[in-house]
Structures are given as structure tokens and as C-alpha cells.
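Here subunit A shows up in two complexes: once beside subunit B, once beside subunit C.
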Partner chain A sequence: MKKSDILIIGNGISGLFAACVAADKGKKVQILSYGAGTLTIGGGIIDVLGYTDEGTPVADPMQAIAAMDAKHPYAKVGADTAKKALDTFLKITEEEGFPYIGSANENIWLPTAIGNFKPSCLVPRTMNGKALIAAKNILVIGFDTMKDFYADMATKNIAKRLPDKNVEQLIVELKFEYERDLRDISAMDVARWLETEAGYRSFVDQVKSHVKPDTAIVLPPVLGLDPNYKILDTLEKELDCALVEVSSLPPAVTGTRLTKMMTAYAKKRGVQIIEKARVVGSEIIDGKCQAVITEGFDRQRKFYADQFILATGGVYGGGLVAKIGAMTEPVFNIDIDVPKVQTEWSHKDLFGDKKQIFAQFGVNVNSELTPLAADGKEVASNVKVVGRSLAGYDFCVEKSGNGVALITAYKAAAAFCGEA
Partner chain B sequence: MAINKHHAIDPDKCTACTICITACPVTAATRKFRGPKMTGPALTRLRKLVSDDDPMLDYCSNCKTCDLVCPSGVPISTLNMLAKNEYYKTHPRKSPADDMLAHSEKMGKLITSIPLASTFANLGMTIGKSVGMLGAMGISSNAKMPSYASESFISKFKKIKQTSYQRKVVFFSGCFINYNQPEVGVDMVKVYQKNKIEVAIDENFVCCGSPMVAGGYIDDARVNAAKNAKLLKAWVDKGYDIITACTSCGLMLKQEYQELFDFEGMSEYAEHMYDSVEYLAKLHDEGEFNTEFANDSTEYIYHAPCHLKVQAIGRPSMELLPLVPGIKIQEADAGCCGISGSYGFKADKNPIAMKVGAKLFGKIKDSHAELGVCECGTCRLQMENGSGVPAIHPLTVLRKAYGL
Partner chain C sequence: MLKTTVVVIGGGATGVGILRDLSMRGVDALLVERDDLGYWTSSRFHGLLHSGGRYAVKDKEAAKECIEENTILRKIGKQCVEATESIFVRAPEDSEEFEAEWVKSCKECGIYAVPMSMDEAFKLEPNLSRKLLSAYRCPGAAVDGFRLLWQTVASANKYGGKAKTYTEVIGIETVNGEVAGVHVRDRWTGEEYKIACDYVISATGSFAGNVAHLAGIDVNVKPSKGTLIAFNHRICNHVVHRLHPSSDADIFVPHGSITILGTSSIDSAPDDTSSETSEVLDMMNIGKVTFENLYDYRILRVFAGTRPLYSADPNAKGRSASRGFVALDHAHDGIKHFMSVCGGKFTTYRLMAEKVCDIVCEQLGVNTACRTAEENLVDGPSDDLMNRAKAVFPSYGAELAASRLGNEKLERVIKRIESRPETKELVCECENVTLAEIEEIASEPSSHTVSDLRRRTRLGMGTCQGTFCAYRSVGAVDKDDMPWAKDTVFLFKEFLETRWKGIRPVLWGNMLRDIELTRAIYDAALNLSGVDEIK
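Up next is the complex of A and B:
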């Protein structure tokens, strides 16, 4: 196999972003990936840091990052590089015609599918939570036969959380055929319907008369399947109000859009993506990784590179493999330090707001993101680990998933390109 | 060493994450399909308890996009195919076309063995279409049926004088190349000879069985698999590598046989299997690929077949074709073409197939390319039918570039 400058293992947001950054700096980049990333089931929004360890909301993520516990991935990157990473991401979205809004120094509060609010940092324009706060009237729109979004619950909760607003709800009729031989309707189906001329017209006709002056509409993520704002822009113009998609459950329309955008950007810059390539091991000589090894139904193949970025994610997707009382990272065969007794992996209160112990398991790295073995020695000097594979944070509780992925990916790629 | 096949048919590896639903092209095109997650792993678990009565199964086209995006390695499409085959044991088939489309080799054999039969068969197709006979058989009048060649590839091959080289491969041509587009097979031999490779064929090879599995005739596919597996193993034992130029044959022989059947030698010969362009790309990596090309100023658009994408070999054609001086080639990157072997030829599936392929057709038309390029024969037909732009095999581009 031909040699690349930088080889990235994993096709999630961290692998894709590292590829974009390195390719922009002129490197020959190859991605090996087995399956799509978590992004395609996740929200497509960039949470950077929503809550402190004590559970208080973070106003300025960059300020909070500067004061982070040394074990946290952010502490190994620092606020300056973190900001550069997020600015680079914003620039890429701009260039791809799908600009995100927000700033590294501020959190935005977004409505969730049940009408609660969650903090995030960079979001697509379809999820501009600030428009809700600014409007006098809020119109929650549901679709009569769509599952997974209950407009009445969202309406009640939003009214409770924003008592000074006039919150109303409207159910749009889809008039889809409905019989035993047809499957349930998801947000993706409604998004497809809105992309048709008939669907778009029907939506506008049903909604228009309910929009009072100074209104923001809240609706499930249905404003187009592709990374652009065509539907949002035309609807906002025609209805003369803001539209805000809720952060949603899988299958995720919003995450799919961002995946498409990042993949397109990477490919345009010559990044070669080899799909369905499962990396099962590596060849390390004198402390340097020479190649990684893939395995399929036919044979093993070796992929050589000067530098390697491990972006294989967590237990979901196989980046980390958990067994009873043990956990390993399978590509570089790194033992993860975990309690031998399984009951010590979690707090009793599974869905509490305390960080979970097991959620923080991952690969230990030094300040250069170089992986460390159980004995504290470097696994290979030309390997860096990014994204959910890293130890030391619980993205779910602190709201930092895609932020850690982007920020660590940027640091690794930039460092491999000779930038500190 | 290859993957342990016993991982293969395990629905419990599915974490119900829904990634496959976001990617499935048939799910996007019709609500008649429940989607890969439900039809595959979820219902497979249920089928262990109760017998199946889910007609939605029929809508899976076996394009394998679900397998491509699944991070847990669940063979979703194969679970669907197994369930479909179970279903048809106790349920009537939707149309008489199923049998014919699944057994394309039988048709091909019949037609190419009788002098002038291909002329009449192709004529028959045209007339059949105009008088609605194909419609009565359950074949879409909208699809472009493959036409039959007057002489099979095997017959043509025997007339080719090859130079003998140390590097030897056996070419599994498959039905489409053998009966419908033998010139692709001839191009393969010419291009391989230019690269100092001697090509052998084996007249005892039979249809790989891919259309049989997709059409619900798995028992017939098993018989063919037993024959092919034994022959392929014997070639590998003699020191030959195995080459396919149809990505569905390639996938079937090296992967789906291992998922579906249990014959000796399958993983051993699979180690020596290559797609025809992948093999040349490997030569290129080793510095042994012949790049004495003439100029070619044609504008091409390349479509990667779904069954190539899941082979974890990247895009070998996009590595080699840009080496031809003057060439302009871009990748369409527009997802599945919709045809999925025999799927899009069926009357009830054709509208779905055309909807699935719409993005690709648009891309081809907008590109203003003169020719499409694709490894898969039925994808090429679908590209032509949907966009009006003719499509050729990458080996044909190389053959022309060699000035042959």
C-alpha cells in the first residue's frame, strides 16, 4: 500500500476534522474507517463545555477550559489552541456554505425535544436558540403522525421555562398514506417531504396564518437533509419569523448534515477515505509506528505512514473494548487502567448529574496527546490520540462531546504539521 | 489471515444505533421498506421465536450501504437476505420475473449457444417491451435490459493469443461479462498482458450466485458456491491469483460465501482474490504498473459501485485512471445508483431504483462528462438509462490509453 504522510484511524468528527486540518496544511492524508462515526446519530452541534464539575452552567467555555483539571483532555490542549480549533471549524463551515453560529467564548441555550434547554457552543443556523429568547411568541410545531416528537410536552415545558413568553402549539398534518404495509414516520421522512415542492407548500399553507408578529417557531429537525440553509432561508422569508430545530434523538438529521459537510470538505482536499477497513493492529519498531494493519474477509493489509492519529471513539464503535474487569484499546493494544471489580465502574445513580466513572475510561496521553502504556511509557512517539478514545472526561454530563473531538483533533493535526 | 467468519451472522452485535437507517437508500426512497435495522438484526432476533410474515423484506436491495456504515460489523444485508430466503419458502413470489432475473446464467447460456439467437433475443426484448410482454412477466418497461452478445467471452478468449508470463491469474468473468459485455473481458486480458500477466479462465466456473441469493433462491446459490469454491481453491493451490471485474461477483466469492455457506477452502482462496483494478493498483504500489499511456482528453465521471465500497479497497480506479495524461476524471460521489443487480429491473421495484439513482443521474448530467466509468455492469446500464450518458468499465479506459 502507498504511504501517506498522516494516517487517521476513524471516520467520526475527530478523524474527519484532523484530516481537514492536515490536508489544508498540505499533507497527504488517508483515513481508514470501519463504519460511520457517532456524529451520524448525534446532534451535529458542537458542545464545548456546558457545565462545571459542580454542575453549574458555564458562561465562557474558554475561560473554564483555562482552569481545567490536569487529567481532562482540555488541560492538555489549552484555551488558545482550543479557540483556534473552533475558529478553524467555523471557517470550514463557512467555506462549505453551511456556516455555523456561535463563538468559543459563549454558550447558547437550545431547546431539546421535550422542551428543556441544554447549553451548546457552535450550532447550525437552524438551531439558533437565541432567536427563542428574543421572540415574544413561540409556536411549537409538531407533525400529526411523526414519532419521537411530542409537541404538547415540548410546549408545556417551554412555557414553564420561559414564563414571560406566549407559547402555543400547532400540529401540521402530513397527510401521508398510513397503513400496515408502510413504516412509521421519522424526522428524516418529514425532512424529505419538506424538500418536495408539494410538502413545502402544504407546510407553509398550514402554518402561515398561525404566525403572529415577533414569533419564533420550534420544530423537530426537519429543515433539509443536506448541509445548506435553502429550506430555512426560504421558510424564514416566507413566514417572516425565525425557525429553531430542537436537538434531537437518533436517527439524526442534524448530525448527518454535518457528516456530509465534513466528508465533502476532506475529499475536496484530496483526503483518501477507505471505508469498511477495520484496523486490528499496528507494527511498532524502536518506539515508532511503521504501519497499521487492516483485516477483512480476504486478507490483512498494511498501511504505512509517517504519523498516525487514533480517532476510533469509545466503546460504541469499537474504539475501546470492555470486558469484565478490563478494558483495552485494540489497535495499539493499550491496557486501560480500570477497576478489576465491575461494581466500581459506576455510581449507583446511573442517570444522576454526577460524572460517571466508566464514562471517563479511555487512553491516557501526555501533553502532546501521545498515548501512554499502563507503565507510563510512550506507546509510539509518532502516534496521537484524539476524540472519545481519550480518558478523563464524561461528555454526557459536562456537555463536551464534539468539542473535545474537534479541539484534540486540531491539536494533533497541527502538531504533526509542525505547529505547536 | 482473514476475518473469523463465525463473527458473521450475529444479530446481537446490533446496538440499535440507527446509523444504517440514516444511510439506507431504499429507506429514503420508500416507506414500504421498514429499514435495515428493523428488517435485519431486530426482526432476526424475533424470527428465532416466531415464523416470519413480513413482506417488507422484499424491499431490501442488498446494496450493502447499511453494512458500510455499521460501526459494529453487523452483516445487516446478509441477515435480510437470509430472512428473505426463509420467507419465500412459504410465500408465493411476487412475479415470474424473479426466477429469470435470479438465473441470468441460464438465459445467457441458452441465448449464446444458438446461432443468431442473441439477435432475436435482443429483438425479442424490444418487441416484448413494446407489446407489453415484459410487463406481464413483472419486468419494468422502464429499465434498460442488458442486451446479449453474439459471442460469449469464453469463446472470444479462446481466440486470443497470449504471451506467457510468470505472473499468472485466473479470471472469473461472471455472467454479465461472459454473455452481455464480453468486450470488457477482452479488455481485461489485453490490459493484463500489457502488464506482463498471463490470464487463464476456467470453463467450469458457474454463476457466482449473487442474483440467486438476492432473488430468494439460496439453495441454487449453495450448489453453485460448492462448485466454485472447490475450483477456486484448486487454482490458488497452483499459484494463481483470482481476478474479478464485476464487483458483485467479487464480493460474493470472497465475502458472502463465507457469511452464508460453509465449504472448505473459502478463506484460503479469498486471501488471493482481487478486483481487476485493485490488482493493477497493487502492481503500481510495487512500481510494476505499465504507465506507457497515450493521451486521452476525454472527460469522465466515475461512479463507485456499492459492492466495491464494502470491499475495503478504497477506489483503485481513482488511483490509476488519473495517471493517464490529459484525462479529466471526477468521482460522482452520489451514493447508490439504485439498480442493485437485478432489483431495479423488477416492475414493482423500478420506480424505487430510479428514485434512489436520481442524485447520481443529476450529477452525471451536470458534470457534462462524455462518458461514465464504473466497474459494475448493471450500474453502467442504470447510469446510461438514468442520465443518457454511456458508461464503460475502467479497464476499457486503460485499454484505450495503451493504444490497443
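Up next is the complex of A and C:
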């Protein structure tokens, strides 16, 4: 029987980051993972806090976190720890040769695939929205047969939002050799194409003459499949302009880069990632979790540890299960407090500046991120809950998704390593 | 000034049926609809083409009309009907005496009801509850309401009949007690204008009372709301009915890859299309008698429509009110050449139109006989055209597109793909809708929103409920040369919010997972509802 110091359930961004933090502090860490997770389809950027509860844009996320409502996960962590968490993440990105830009104290406006803008905090250099704001000319680049990016729409809306810029568009021909009837061409395919010598040359040849002095290029996320800036750097040098990838929909090249980077770092630090481990329950004795139970096609297995971090995600990731008039967290079997009538789970409009009710459903925790049962008692004293499983926030309206994941993961891992 | 002989108000099944009938008889007619065609009751039902079996015991006349019209529509509306047949099943709680009476009544009405062993029934429909006791095969079928309406209008177009959507009637003008015209408002431009005419037929269903009020007349329609559940599975291959006196939630109708369960019956306002979770659960509990694993199937969405039940007795309620239709000649109320048509069933829409038009034509002195049962709504594609289609459409999309579009539009879509092969890209993978089809339908003058495209193409009606095709369809139409598609955020919200309305009452299991993904894309990644404050 192998026993780890810290067992993490889930290898999304919160699980991986908690593992990195704990392993850095000398802990023996195992991650139990099941399925591809949601990280690879995410945007690869760290939203920390884009909007206040009133829907106004946040200038300094750390300042806003310090004044957060008590129910919000950020309020349980505090601004100081939040800053440490984000700095730690930035350090990891530097060490991995894929440094993110931005700081915990400001937001960056990124162009989206619609052509409007969203606030985010830490982003890869391929998504430096500031370069766009600084440039005089904007060139929106689409690819002729690529699915899920409409240069027309992006160009039109960027021009509307940045009226003092000269916004133009260019469609680059892919001229793929294989018969495109076989399947659709996604951003992944174009990124792969740009990594070939022929693809790279073709791109430069088609674009170069359209780049005026003082231009920033906006394009779908295609600047490399791996977490490095090789393609960005060579292109910026050769075209003599900035390139900015939009925040886009899955499949997400940017999310894949972040996943690869975090996984590489964790593995270097000795974190063991066990795949196809579907956790179906736990064993709790005298208020302490002894083991979690996985179920494979033929048997159940127990994984023992001193401490456990639940990082299984929300409803989408499978960390929470929504039923008729009920919601549960299946690993520790925690009932989530939800209205009995489903129509009371939501506002009438799906989109609006109000936080959705259902988005805020999740596991209640104390200030140490220890899960609490419906009666307010600790579920198990050596368990901490991080990321999207937590109650009290709406990552969509707030623009806080990966921020909550990183900041709560840091707090949990650091606390398990004896830091206050 | 716009002039026509007859103005038909209401673009539901009854209205378009009347428009086609009049046009084929050579009567100049114009239909005006406040929303989109089929926006209300004519799409908010099971999509069941009745065999008549459901009415055989209680209302033989209605049952006979159903089987006759069923036979006609299978022929003239081939592209809109999926001839599945239906199976009537009796559960232990259903009366055996009723079964005997039903068998006898079906025979009297000319509706075949072929008994089968339960083994045979379970072989045909493996998901049926093993507790069921008896089963019969009948000639029911599934019908696509949107498609039937659009193809009926396409048929009317050939004879000069026109339909104007998003055109709201705001006044009915009379001169010396006789109709002289209607005043309308274009709901997109706000422009108001008059259409002069000799006759007005209000085929406005649940709204018949409101429209009659414009002329100061009372029409006593009692709208009764029915909720329907669309499952993301083809639970059954046949229409499945409970063999008992008509009741709530006792009909399952398969459509393509989904199944619709209906319905309930609650007195309501004419425009009440909301559904409560409690209505859904009540229906699930009844439906479970037929398919015992019903709770294991993923729900796609729920929707509701109002039946325009007409009653001379203002105190009549719900399901017991007459299902028959009435044509009220308002000459009796002091206005000549104004008629309200209320009640009726989708299955008999053609017959209702025939009867109404017989009366109207007589008053107008037109002697031409009705021919609507003889001619197909649209021509099916020729073999040549189908071969061309198969050469350019991805996967099995050619057949689906052909039945959606009919001959002429199919040819136009094929031409688009032939000249620009990249437009064969699938915008909606769930329903196999290509970019070329979206572009073709979007360019029609009747298209104003992405939801309009949905009703004509089935875009966004499948498993993802718009999660992926919203971006693609808005991107496809959000161009400077498309007059109606200027505001990107409006286009997204209009489409996604209407999809959301149907998911909200059933926000559990994978429905909530899907919505989480939708929000992650459109709110978190694309910031659809956030404020832009670029610094």
C-alpha cells in the first residue's frame, strides 16, 4: 500500500497547482485524475476578478479581493495569500520558459472571438491585449477554411470599440493538401500548420505586405501547440509587429499549452499523476479521511494519504452532481444546499450582470477551506476543497475562474505544508 | 396603398392553410403574422399527425376527419411527415372495457388498429414498460410543424399568395358596417400602413379574442396551456399513445433523433408559454407508466403552447371544451366580411381551411372548387438534383436538406456550395445544417433573427441547444451586407436566451452541465454580457 503525504483528487488547474505548490515544499504528492478535464478546453488565461458585484470593471483585483463579501472564496483566503498565489504561478511560468504577463494589481483587456473585449489578469504573451491598445493599426487575420473564427465579425466589432484605430482584415489561405471533406479544420490544425516550415513561410508571405508600420495583428489562438514563445517571437521579429490571440471557444490551443506547462512542472517536482482513477467515495474515521476509493472496470481500490485536496471541479467537470431539487458532492457525499424547485435555481435571463444563482452552488467551507456538511460540522478535518467545487462565486459574471482555482489551491497546499 | 381581396391574420397552420386554399382558387390573398410563422401554437405541440385513434371513442366525427386528413397530408406534405405509425398501449391502470369500445370505434371510423402480442410490441419498442398489457398498431405519424407551415406558404406563393411576418394588425377598418381594410405595423421598422381589402379572416387561435376586439367584437376563446418535454433520444420508433380516454402526458412522438412527450392542460393567457418544473415532473410521472426508465433519459428542453379552445359557454373549462373548430361570421355582430376561425387541430388544418374558404368564396362570388388535397405542397427533388446534392453535402446531410428545403431552395443551396465549396461547412452538427443553407435562408426577406433561421432549418434544435452553432450562425450572418444582422450582441442573446427558456425548468443533470459550458464560452471567454471599458 502506497501512501502519499497529500492526495489530490482532480487534475484541472487547481489540482495541478496545489500539487506544484506542495511538491515545491517537499511533500510527496499524488494526483488522481479521470478524463481529460476541463483545463484543456479552457482559455489558458488567469481571470482573477474582472467585475464587481455591481457589474463595473475592476481596476485592481487585489484591492477588490480585500473588500470581498464573506461568502466568496477570496474572502476566505485574503488578498495577501492571493497575491502570493499569483506570484507563485508567475514564477512557475518563468521557470517553464513560458512566462505569463500581467500583475495581480491590474487587469488586461483582451480581444475576444466576437471582437469585443474581456478583462483578465495573467495571460500568456501571445494574448497581450495592451499591444492592441497601443498600436495605431489593427490587422485581423482569419484563415479561409478554419472553423469557429469569423474575421468579419471580429473586425467589425473591434472597429466599433476602438474607433480611433484603423482596423482591417486579411484572410490567409491555408491550402491544406489533404481533402478537407475528411473533417473540419480547427485552430489546432492551423497551429500545427504554423509549426511546419512550409506553413510558417506561407503565412509570412501572405501577411507581410499587409503589415503597415505601428500595427498589431489579431488572430485566433494558433501561435504554437506547446508552452513556449518560439513562433510568436520569430513572427513578431519577421513581421515587425505585435501578434495577439483572441479569447476563443473550444477546442482551446491556449488551454492545452497551460495544461502542458503545469503538468510538466508538476512531474519535474515528482508529482505522480494517476490516470483513469474515478473516485467514487471516501473512508472517514473519527472525523479524519483515511482514504478515497476509486472504481475501475473490474475493482475498487483505496488510496491513502495524510491529507486530501478535493479539486474535482463543478457541475461541468463532474465534481458536483445536479439532480431534481438536489445537488451533491459525490466523493465525500456532501449535500449542497439548493432550492427544492428548479426554477428557483436561476434568474429568468441566462445572460446579465447579475450572478447566476446556480453558479454559486457548491461546497461550503470554513476559513481553512475545510468542507462543512449541511449541519455546519466539518466533513473531515484533513480535507480541503479548492476551485470550482466551492460555493459562493460566479466565474462567468465575475471573470474569476482560474483565479479562484489558483488562489484557493495555493492556500490549501500551503496550509497543509504548515504555512498559515 | 397595398390592396388585396382577403387579408388573413395569423401565420399558424389555419392561417397558412387558408392562404394556400384561397390562392389556389384564384383569390388574391395576403397573410399577416405578428411574429414568425408558426411561432405560437402550430409549433408548440407534439408534432403528432393524428390517426384519429385518440378521438375514436369520444368524437367519431373528429376521428374520421383525422384519418382522412392524415392520409392526404402524408401525400401532399411528404417532406414534413415521418410516417412512423403509432402504437396504442394499455397499462394495468387503464380500463379493459375502454379497450373493447376503442377497437370497435376505430373500425367504425375507418382507422386500422392491428392488435399485436406484447412480445411483438417489445420487439418493435424495446423501451416500453414490461407491465403493459396490450398493444395495437395505428396509422399515426410525426409531422414537423415549422416545415409544414413554410411549405404551405411556398405552395401559396406559386399562386400569388403572400405572407408577411412580423406584421402586427393594429386596427380593422370598416365602412358602413363592412370591412374595408386593416392597419398594420411592421415590428422591425415601426412603419405603420394600411392594407385595403374586401374581407378579413382572423385565424389567430388563442389570440382570436384580442383581434376581434380591434373591431369591437367579443370572441370567446379559452386558451389552455400544454407543456411538452423534448428528450434527447429516440425513445421509440413509433408514436406511442396510452390506450385510455385522452389525458395528460400520454403521447410520445419521435422526431429524428429526439422524442416529444405531451402534454398538460391548464387554463392560461394566450401568450403564456412558460413551463414550471412541477408540470414537467407531473408529466414524467405519468409518462413513466409507458416508459419506466423515463427519468434516465436526458431532457433537451421543455416548451409550451396554448390550445385555442372555443366555447360558446363562457364557463367551459380545459380539456372538456369542444375540440371542433368554428368559423364565426361577424355579420351577425354587425360587421360584414369579417370572420374569426377558432379551435381545430393541426392534423385537420387543410380541411378547416377548405371549409372556411368555401364560405368566404361563396360570399365573394367565387365558384372555384378547393384543390388543396390534390397538389403537393412542394415538389420533391429530382434524381438529378439529389445526385448533385449528394456530391456536395457532407455525410447524410443531402437527404435532410432536401426534405427541409424542397426542390427550388435545395437547388439554390447546391449552387452556393458548387461555387464556394467552403460553404459546405456544418454550422450545426446536431441537425446537419451547412453554412450554405444558413446563408440562403438568412438572405430571405422573412429572416430577422437567428431564431428565424432555427425555425426554417432546425439549426440549434439538437443536443448542444445552440452552444456551438450560436457562434457559427451569428458569425455567418453578422456581415455588413445583411440588413437585419447589425448588432452582434443582440443576435447572440436573442438566440441563446430562447434556448435557455426551455432548459431553465429542467436544470439538472446534463442540462445544467450544458448550460455551464454555454456560459463558460459566451460569458467567461467571449464576455457577451460584460461591460467593455477598454483602457
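A few points about this structure:
Keep in mind that, in the parts below, the second predicted complex is superposed on the first by the 415 of 420 C-alpha atoms of A that agree within 3 Å, B and C clash if a C-alpha of one lies under 4 Å from a C-alpha of the other, contacts with A are read in each partner's own complex, and residues count from 1 in each chain.
The working rule: a residue touches a chain if its C-beta (ideal position, glycine included) is under 8 Å from a C-beta of that chain, and two chains touch if they have at least 3 such contacts.
The structure presented is a predicted model; accordingly, all values stated were derived computationally and were not measured.
Superposition model on subunit A: subunit B and subunit C are shown accommodated side by side without a clash. Our angle of interest has its tip at the CA centre of subunit A and reaches the CA centres of subunit B and subunit C; in the overlay it is 90°, to the nearest 10.
Of the two partner chains, subunit B and subunit C are each touched by A:316.
Touch criterion met: A:157 reaches subunit C, while subunit B stays clear of it. With both structures placed on the common chain, the touch criterion links A:250 to subunit B and to subunit C.
Of the two partner chains placed around the shared chain by superposition, neither subunit B nor subunit C is touched by A:374. Applying the stated contact rule after C-alpha superposition, one finds that A:343 touches subunit C and leaves subunit B untouched. Between subunit B and subunit C, C touches the greater number of residues of subunit A. In the superposed model, A:299 makes contact with subunit B only, not with subunit C. Look at A:401: by the touch rule set out above, it reaches subunit C but stays clear of subunit B. Legend: residue contacts after superposition of the two complexes on their common chain; A:147 is shown touching subunit C, with no touch to subunit B. Once you line the two complexes up on chain A, you'll see the smallest CA to CA distance from subunit B to subunit C is 6 Å. Overlap of the subunit B and subunit C interfaces on subunit A comprises residues 181, 250, 316.
Those residues of subunit B lying in contact with subunit A across their complex are 1-3, 5, 15, 17-19, 21-23, 28, 31-35, 38, 55-56, 67-73, 254-255, 258, 267, 270-271, 273, 285, 309-315, 319, 331, 333.
Interface of subunit A with subunit B (complex): residues 1-2, 34-37, 40-41, 176-177, 181-183, 185-186, 188-189, 192, 250-252, 256, 267, 272-278, 294-300, 313, 316-318. Put simply, subunit C touches subunit A in their complex at residues 276-278, 281, 394, 422, 425-426, 468, 471-472, 474-476, 478-480, 488-489, 492-493, 496-497, 500, 504-509, 512-513, 515-535. Residue ranges on subunit A touching subunit C, taken from their complex, read 42-43, 47, 50-51, 55-57, 109, 112-119, 133, 144-145, 147-150, 152-153, 156-157, 161-162, 181, 184, 247-250, 314-316, 321-324, 341-343, 345-346, 348-353, 356, 358-359, 395-397, 399, 401.
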